[in-house]
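Structures incoming, each one as C-alpha cells.
What follows is a pair of complexes built around subunit A, which joins subunit B in one and subunit C in the other.
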Partner chain A sequence: MLAVFNVHVTIENKPGISDPEGETILNDLVLKGGDSSISKIKTAKMLKFTIKEKDKKSAQAKVQKICDELRIYNPMVSKVTIDVFDAS
Partner chain B sequence: MKVGVIVFPGSNCDRDMYHVLTDVFNLDAQYFWHEKGLPKNIDAVILPGGFSYGDRLRSGAIAAHSPIINDVRKMADKGIPILGVCNGFQILVEAGLLPGALLKNTSLNFMCGWTNLIVENNKTPFTNKLKLNQKIPIPIANGEGRYYVDNDTLKKLKKNNQIVFRYEEVINGSTDRIAGVCNEDGNVVGMMPHPERAAESAINPIDNKPSSLIFESLIKTIGVKN
Partner chain C sequence: MSLEPQELDDLTSKIGRKPTSTELQIVAAEWSEHCSYKSSKKHLKMLPMKGPLVISEKGYDSGVLDIGDGYVITAHIESHNHPSAVEPYGGAATGVGGVIRDILSAGTRPIAIFDGLRFGDIEKDLQARWLFKNAVTGIADYGNCLGIPTIGGEVEFDECYTNYALVDVAAIGFGKKSSLIKNHAKKGDIVVLLGGSTGRDGIGGSQFASDSLESENRSAVQIPDPFIEKLIIEAILEARNQKLIHAMKDLGGGGLSCAVSETADALSIGIEMDVNKVHTRESDMNPDEIMVSESQERMLIVTNTEKLKKLEEICKKFRISCSVIGHVTFDNMMHVKQGSKTCANLPTDVVANAKLLDRPSKKPAYLENIEKEKKLKPISDYSKMMMKFLAAPNIASKIWVYGQYDHEVGIRTVVKPGKDASVLRLDNGKFLSAKIDGNPKHCYINPREGAIGCFEEACRNVVCTGAKPIGMLDHLQFGNPEDPEIFWTFLESLKGITDFAKYFEIPCVGGKVSLYNETPTGPIKPTPIIGILGLIDKAPLFSHKIDAGDTIVIIGDTKDEMGGSEYFEYIHKFVGGKCPVVNFAESKSHMNTVLDVIGKGLVKAAHDCSKGGLAVAVSELCMTYQIGCNVSLEKIPGPKLDVDRTLFSETHSRYLLVVDKKNLQKLDGLLKKSKVSYKMIGTFGGENIRLNKENKPIIDLRVDKAQKTWFNSLRELVVHG
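Right, the complex of A and B next:
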C-alpha cells in the first residue's frame, strides 16, 4: 500500500563558504532593526517533492538517491537536509 | 581540422565563438545541437557561454546531463582539446570534467566589464602560445562566476599545475583569484572570461593580441584548416 509524502530538500552552502545574501540580511536588516539576539542567518534553496512510497524511510531514501545521482545539489559546496512529511 | 561548437538551449555566445573560429582564425567549425552526438573526426570541442536552461537549478547543472556530454567525456578521455567559456565552464564543472564549483559572485551582482587575467599555465592546448604571467585584458559577463574549491582540492590544483588563469585583482571572491582551470591531463580547460569577445581589435579597446593567442594556441595544437 503506497502513501503520499511531501519531501522537503533544503540545499545550503557548507560551513565555511560565504553566504553574502544571508550576511546582508543579518547585518543590514535584522541587526540594524535592533534585534541583537540573532547571531546567524543562512539562505538556502528548498525543493518540495511529492512522492508515492510505502513509508517515510523509503521516501527519504528515494529522494536522497535522486538528489545524489542527478547532482541536484553540488556536493563540493552544498549540504542537503531531507525532511519527510505525511501529505495531508 | 574541425572544431565543434556545442549549442545548448539558452547558449548565446555560440555565434560569437563560431565567427571568431571561422572568420578570424580561418578554422573549420561546426555547430552541434546538444541532443546529438559528436562525430569522431572532431579535433577540438568548445562549449560556449550563455544561459543554458535559463540557469535553472544552478548555472550549467541541467546542461551537464545533455546527451552530448557523454561524447564530450569520451573525447576528454582521449586527450582531445576541450574549452568551456563562461557557461561552458560551468557545464564542464557540473559534469565533473573539471574540479570545483561556480557560486554567485560575492557582490551578488551580474558582473559585466573588462578585467585582466594572468596566465598561470602555458602548457595547455589553449595557452601554449602565451607567456607565463602574461596579462590578458578580457571581458567577463556572469552572475555565478565565483570559483570555489576546498583547501585539499586547491592544494591538488597547485601541485598538478591546474590553475590556468588568475584574475589580476580580487573581483568576485573566487578562491585564490582563480579564473580558469584545467583537468589533470591539461586538455580540458574552463575559463569564466570571454576570449571570443576580445580577439578582434574592432571590439577590444585595450589589446586583442593576448586573447588571439588563445585561439592561435589551439591552431598550434590541432593544426590549420585542411
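Right, the complex of A and C next:
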C-alpha cells in the first residue's frame, strides 16, 4: 500500500564555507533595519518533492538517491537535509 | 597536508629544531609545488624576461609593460584547474577573482579578462558538459558583477580532460606609470589584512592543487563573492591614489602563509603577526587554519600608522573590513603569534624558498611511432563532411560562451570577441590587442613544436588586428612531474617557447606552472597556453564588410602537417602524424608583411589559418561576413598535396587577407617585394562557400546553412544535449 509524502530537500553551503547572500541580507537589510538580535542568516535552496512510497524511510532514501545521482547538489560545497512529511 | 620526509628533515636542519604544528602547515603550503615551483623554477630561468618595455619590480605578481606617454599595462595568467574540476562554478569564478587581484597588486586597474577552458568530450560525456556549463557561468557571473569585460579566450574539448577541467584565466590591467606600487617597507610599518573574512573555505587549497585529484574527498572549495572584490578594487585604487600603500600582495594559494612569507622575503624584512587580529568568520578557528585558509577576496597591505587612519576611512566608506594583523621587523623572521604565545617563528627565506629539485626527464615511449600515419578512410562527400566538421565542438563558433560574458563594459572594447583577437582602446590613443592560445593535440605529438605553434598562433591572432606582439604570458600545464616522461614534455615545451621568444624578442612578462594535472585515467596532454599582448600605435584593423568581387589572398605555404589536426582526430578518430612546425624566419617575414599591408590600409580583413586548416578559415570568413566564395585549391601555394591535406592541414604562419579589387595591384607589388609565398586563391561572391578543384566544387555549402550550423551547434549541444 503506497502513501503520498511531501519530501523537503534543503540545500545549503557546508558549515564554515562563506555564504555571501546570507551575509548581505544580514548586514545590509536586517542589521541596518535595526534588528540587532539577529546574529546569523543562512541562505538555502529548497526542493519540495511529492512522492508515492511505502513509508517515510523509503521516501527519504529514494529522494536522497535522486539528488545524489542527478547531481542536484554538489557534495563538495553543499550540505543537504531531507525532511519527510505525510501529505494531507 | 604534509611534507615529504626529506623535506621535513631539511626544514628541521635549517631551523635547528623540530617545527611546531603551525610551522608545518605554513611550510607545507609554501613548499607545495603550486606555491614554490620547486620542480620548474630552475628551468624557468631560461625564458627571456627582460625587454625595453618591461618594468620589473620586486614582489610583483603581474608583468608590467611600459606603453609610453606615462602609461603601463599589466598582465597575469593563472589557472584554477583542481578547484574547477570539483566545483566548476565557484572554482572558475574564484580563479577570475585571484588573477584580478594580481593585477591590482601592482596598483593598476583591471580592464579585461580572458579565459581558456578545456574539458572532456562534451558530445558523449555528461560530466564534461556539466563542468563546461558551470565554469562558463561562474566566469560570466563573476566578471559581469565586477564590471570588467571578458574579451577573449578559447575553448577546447579533448578526451584527455575527462572528469577534469582546465580553467585558465588571464587579466590585463592599465594605469599610470607613476601610480605603480613600489613595493617597499620601513621600520615601524604595519601589516594590514583587507577584505573578506577568513573562514574555513579552501583550507589547504594549494596543497590540494599539488596532489593528483583522485577522489572528491576534499573540502578545499572557495566561494566567490564578486561584490566584495569590486569594493576591494575601488578601495585599493583610492588608497593607491592617496599613496597609502607601501607594499601589497593578494592572498591566493597558501593564504596568509604565502602572502606573509613571500612579502617578507621579497622586501628582505621580517613580519610579526597575531592570528587573533585576523577577522575571522567563525570564532573557533585555530592558528593553523587561519594561516592556510584560502578564503577569497583578501589583500595584504604594508603601510604605516599615520596612513592607517586614512586607509581605515576608505575601508569604512566601501564597507570592507580591515584589520592590523602585525608589523614589519628587521630580523627577516616570520613570527606568527596567538596573543602572546608564539605559534611559528621561521626565517622568511627558509619558508619562501623551497629546495628546488632536479627532476629526471626521459623521452616518452609513446612518441616513438606517433608520427606514423594510418591509411584514412576516403571521404565520399566533402560537403557533408564539412557540415559535420563545422558543428564539431572544437570548430563551432564559441558564441554560446562569449555571449554570456559582458565584453563591452568599460567601453574600451573596439574589436569584440569572435574575431582573431579582441582590441581595447587605451587612454593614450594606442590600442591593445590580446589573445591566448593552446593546442594540446599538437603538443601531445610534439611538445616542442606544439608549444611553438601555440606561441605563433597567438601572435598571428594579434597580428591580424594590426598589432605588434610586445609581451608574452606562458602557462605550462602538465601531469605529474615526478614521472620523467611527463617532465621531459614540460622541458621540451619550455625550450621551444624560450627559443621562439628569443628569436622574436618577445619577453615573457608573467606566467604560471600547473603540474599534477592528472585525471582518473591518466595525465592530461601537455597543455602549454600562450597569451600575447600586442600594441597598435595608430588604429586597429576594423574589419570592413566584404563585397562581391573582393579577393582572397593567402600568405604562406600549406604543407603536409596533419598530425594533431582536428580533421584527423574528429573525422578519422586518429591521433598521430607529423605536427606542424614553425619556420622562424618565414614566420617573422609573414608577420612583418601582414602588419605592413594592414598598416598601409590595403586589407579589408585578415584571418589566420589554424584549427581545421584552410577549409575552416575560409568558411569562417564567409560565415562571419555572410557572403559566399569561390576558391581554387590548385592555386594554394606549397608542395603538391592531396585534397584532404590542402583543405585541412594545420600548417602555421598562414594568413588569409581580404582585399578590395582596387588595392590588389598595390598589394601584389608589396608582397612580391617582401618575398613571402602568397597567392590570390579566389574571390568572394554568391551564396555558396565553394572550394574547387579543376573548376569542380569539392566543397559546396550554402553560406546561410553553414552559418546556422556553425553558430548554433555548441549551444544546442549544451542546452539540449
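Note that the second predicted complex is superposed on the first by the 88 of 88 C-alpha atoms of A that agree within 3 Å, B and C clash if a C-alpha of one lies under 4 Å from a C-alpha of the other, contacts with A are read in each partner's own complex, and residues count from 1 in each chain.
Just so it is clear, a contact is a pair of C-beta atoms (placed from the backbone, for glycine too) under 8 Å apart; a residue touches a chain by one contact, two chains touch by 3 or more.
Computed from a predicted model, the values in this text were never measured in an experiment.
A.B. asks: Looking at the overlay, does A:L70 come into contact with subunit B only (first), subunit C only (second), both, or neither?
C.D. replies: A:L70 sits against subunit B, while subunit C stays out of touch.
A.B. asks: Which of the two partners, first being subunit B and second being subunit C, lies in contact with A:P20: first, second, both, or neither?
C.D. replies: A:P20 contacts both subunit B and subunit C.
A.B. asks: Taking the two structures together, which residues of subunit A meet both subunit B and subunit C?
C.D. replies: Common to the two interfaces on subunit A: residues 13, 17-18, 20, 24, 71, 74, 76-77.
A.B. asks: For a test of understanding, state which residues of subunit C touch subunit A in their complex under the given definition.
C.D. replies: Subunit C residues touching subunit A: 86-87, 90, 130, 196-197, 199-201, 216, 218-219, 221, 223-225, 227-228, 281-282, 295-296.
A.B. asks: Would you pull the subunit A residues touching subunit B in the complex into a rising list?
C.D. replies: It is residues 13, 17-18, 20-21, 24, 70-72, 74, 76-77 of subunit A that touch subunit B.
A.B. asks: Where on subunit B does subunit A make contact in their complex?
C.D. replies: 57-58, 61, 64-65, 94, 99-101, 103-104, 106-108, 148-150, 153, 173
A.B. asks: In the complex, go through subunit A and note every residue touching subunit C.
C.D. replies: 13-14, 16-20, 24, 71, 74-77
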